[in-house]
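Sharing a structure, written as structure tokens. Questions coming.
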Amino acid sequence: MTEPIHDLARIGHAELLTPKPDESLRFFVDVLGMEAEAREGGSVYLRAWSPEALERRVAAVEATGLGQGWIDGDVGHGPAYRFTDPDGHLFELYYEAERYSPPEQLRPAWKNQPQRYVGRGVAVKRLDHVNVLAADVRANRVFAQHVLGYRLYERIELDDGSETGAWLSLSIAAHELIYVADAYGANGRLHHLAFWVDTREECLRAADLFVDNDVYIEAAPSKHAVAAGFFVYAYEPGGNRVEVTTGGYFVYDPDFEPVVWTEHERARGQFWGVKTIESFHTYGTPDVSPGR
Amino acid sequence: MTEPIHDLARIGHAELLTPKPDESLRFFVDVLGMEAEAREGGSVYLRAWSPEALERRVAAVEATGLGQGWIDGDVGHGPAYRFTDPDGHLFELYYEAERYSPPEQLRPAWKNQPQRYVGRGVAVKRLDHVNVLAADVRANRVFAQHVLGYRLYERIELDDGSETGAWLSLSIAAHELIYVADAYGANGRLHHLAFWVDTREECLRAADLFVDNDVYIEAAPSKHAVAAGFFVYAYEPGGNRVEVTTGGYFVYDPDFEPVVWTEHERARGQFWGVKTIESFHTYGTPDVSPGR
Amino acid sequence: MTEPIHDLARIGHAELLTPKPDESLRFFVDVLGMEAEAREGGSVYLRAWSPEALERRVAAVEATGLGQGWIDGDVGHGPAYRFTDPDGHLFELYYEAERYSPPEQLRPAWKNQPQRYVGRGVAVKRLDHVNVLAADVRANRVFAQHVLGYRLYERIELDDGSETGAWLSLSIAAHELIYVADAYGANGRLHHLAFWVDTREECLRAADLFVDNDVYIEAAPSKHAVAAGFFVYAYEPGGNRVEVTTGGYFVYDPDFEPVVWTEHERARGQFWGVKTIESFHTYGTPDVSPGR
Amino acid sequence: MTEPIHDLARIGHAELLTPKPDESLRFFVDVLGMEAEAREGGSVYLRAWSPEALERRVAAVEATGLGQGWIDGDVGHGPAYRFTDPDGHLFELYYEAERYSPPEQLRPAWKNQPQRYVGRGVAVKRLDHVNVLAADVRANRVFAQHVLGYRLYERIELDDGSETGAWLSLSIAAHELIYVADAYGANGRLHHLAFWVDTREECLRAADLFVDNDVYIEAAPSKHAVAAGFFVYAYEPGGNRVEVTTGGYFVYDPDFEPVVWTEHERARGQFWGVKTIESFHTYGTPDVSPGR
């Protein structure tokens, strides 16, 4: 029995590449209801629990040969160690971070709230999870578990033994990092970013807002079988898939046994029997589909 | 900068003392919708992440002089180390636990669900947190932080410097263990046990069920200012206060600064301005009020 | 400008034919959460506002030649006038009705509630609407409007001028009686009965209960474009389609202009873009499909 | 058995007097999420079902001696007959009305929706009911029933025989016009205007918006015993009480027996046992309290 690794706390933030930065910004601010702070890039940022924990994870990454070295701090955080997962997605590890302090007009009435509730658009609360595509799900899942310290809660294994999906977390939340098989065998692509709301009613309201803002809804509000989260999926103007999500379950048991789904079991569709739309299994960004 | 302690995973279960065991059982089964497994009582059970983590916590407890020694396993778990917090509440630390496997008639349609959803009564999902009264909140809060490894998220400090409430957690959930000042300066008493539902609508439905099952509602559904949880409070037939709760917030930041409420700030009442009913500040079990 | 007819108040109840009466009864009692009172039949019962209003409607029906004459009272209501709509569905008009008084164990805590809230199963509140199939939708819709006094709120007209759906109501509710084209040109068949719950959360919960009670879900919870109701559709053990519904809109305007949907507009799917499952357009009871 | 009157369809709109027109306008547009069209006055507008129905009601009002005569059309409606109820509140009866057609930027994606869902603020859907204070509730209630054709669904009668509240409706909705006893015996005052949202979650969200917009919440979200509506009450900047509401029940029975509450029964508080705040029983606008 090895002791679990508790070195990383969370995905601090994630960056999105978009060919239409202005339209994408308007979507995130006006439709999703977020505040704009700064823009850039293409990485997933992982925050360590302590400087010692950061050092331990950097050493573990370096031992895999996937490390790229330290970079100076950036907007909102201090020095970061850059590396890629086996599939080539860019990650950065850091510990030092600036505390966010809301500007005067966003100061909340109750000080334990992160900011004033303005109720604009969907009013998402935070980044909930990142779902990336990988040519080899198993290799990346094992890397996330053993090198980064993620816990595995669910995965899909086909009859031929290949792994097509893995749901990983640093906390009791059912998923924070997901690897799903890339239908084109491509590398480094994104499936979606998911943003949290507190209630299913807010997911339904998000769908109403998408309809009246001409946002393409790929999958209407419903409930996943895997991880049991409630969802609505849409494409932001830059083409990236975005989820508004809530629900799911919490894993409090130290020896929780990961759920392994068979090909047969996954053929049942989603929680309430809805068949998943085909594009959900094939589309990712950047788009590499033949028709493109 | 000390590294955080990550040795305890969760409150595995909690026991309740009741002068009316049959009526209380009926309440938990028929009204709250739980399944009966075994009964006994009066401890809070804390599960460690690993045998090594268990040993470290036992050593830390022993060093305080509050340890009582090991006891054999009990229903559902292996050997446990018994101790009290400074206020005298009984706790047990353990690692080994049996996995719960639902009986045939409770087998769920989806295997990542703990059991079939029968929808009976409130249909609470799990124990969410334990709120205990203490004559000296600060001493017990410091013990929970430094000896057990709890993180402190919120607390109340009066103008005279005394601490009257502390909200602690082992996870990202806003509270799992709460200490509140005992109005009578008594020791070892319970404020309430809180059970989780996924939606605020289920809290409202719980209140409807309480009304039509003659269960006394002490505080109708509303939202707390401290920790921002949504609640409804009732008394089970044995007199213990029970909460049905959801919402609250998640703490992902390693260096989250605990929120400290002043006496003035707490005079504003609850989140939407409701004044807290007096008994909420004074009543606990066993009841030691003068009128009793 | 003709004065509107205000003679009929509501669908008092509706009867369902099932080849599996015991299994169907268990479904309505245990899964939908209704109370059993009496069983029989196959009619839709329409209650008049007054004896004079009843006489006026009976005269109007007789003038169409579709009347069948008076029958004695039945469980819960007095003398009724029996007739069919042009498609052959059996209807009865009546005024006198017994008041339902809940038995002792179902007496509610608040006397303005129809009965105690026991929270069993889906806990539907009342019959909301009846959707029947018709070979000629337009003829039946006109009959409902001009002979019975229904108001028309929405309808679908294909490019070839044929009418394939009509949503009618006696009240401000968006629909109480719906006619939809029978895919097989058959007569007298049922599309579905719809039962009301107060919240969308209860529709989502109904779907969870269906999943864990092996009830076939034909269409998972989502929102209709036509009439904008929130729904989940399932088949009861006797094969009849049953809807659990809420939402929709209210029509307060006396001169509300019926919404007419074109073939092109209906090709957009449901409110959030979900394509309707094929069986929804073809299946009805009794089943007359070729494969049967 | 008299035939029921079905001449009036609805409260078309209601006017509000405010000493702070600009602040009040900002509240209704930015916080409640309404669109501004035109402003004026102080009446309740009742729309008839047909010109003949209008004539019948005008004749009935004239016979009481409370009529004031016809006025020309106004914004959105044609000629109206002005009168007061016995307590002196100004009413107008009309039939002709302009259809509202949303401007281009508010055109909805689905044409059966009144306008685009922008999701600004509380996003109330429509005026739900008007609650006015009266020195003599019974006299005004009888006037509303017999002269205007309202149906009575609930009322409160004290032990001394006086009537202190009456809930009336023109439709199946549990209340559209409410009379409540004026604590100061004054005339012509307003208790509150209530605006409809479709879900209880939207009432809870309204409370969050009020908190962060410095709007005074008089009564936090909860459920009424009388009429069983879900509510949150706030004061708009001009001092008028405003409710955001949903729920309640529907009355489909022609011979529904009005619920009569006794003094003893009303002492139980609201549906979940909350005691009503004192100001709810005394405050109205214009304010006539001694301290003013």
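A, B, C and D are the chain letters, set down in written order, and residue numbers restart from 1 in every chain.
Heads up, the rule we're going with is that contacts are C-beta pairs under 8 Å (C-beta built on N, C-alpha and C of every residue); 3 or more make two chains touch, one makes a residue touch a chain.
Since the model is a prediction, treat every value here as computed from it, not as a measurement.
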For this session: Just grab the chain with the largest centre-to-centre distance to subunit C, centres being mean Cα coordinates.
Result: B
Exercise. Higher C-beta contact count, C-D or A-D?
Worked result: C-D
Problem set entry | Averaged-CA centre spacing for the pair subunit D and subunit C, given as whole angstrom | 31
Exercise. Distance-wise, how many Å sit between the C-alpha centres of subunit A and subunit C, to the nearest whole number?
Worked result: 44
Exercise. How big is the gap, in whole Å, between where the Cα atoms of subunit A centre and where those of subunit D centre?
Worked result: 47
Exercise. In subunit A, which residues are in touch with two or more of the other chains?
Worked result: 110, 199-201, 211, 271
Seminar exercise, completed: subunit B contacts subunit C in the complex at 108-110, 116-122, 199, 201-202, 205, 208-209, 211-212, 214
Problem set entry | subunit C - residues contacting subunit A, complex | 200-201, 204, 207, 210-211, 217, 220-223, 232, 270-274
Seminar exercise, completed: The answer for subunit A against subunit B in the complex is residues 1, 3-4, 6, 9-10, 47-53, 95, 97, 99, 110-113, 126, 154, 171-173, 198-200, 225-228, 247, 249-250, 252-255, 257, 259, 265, 271
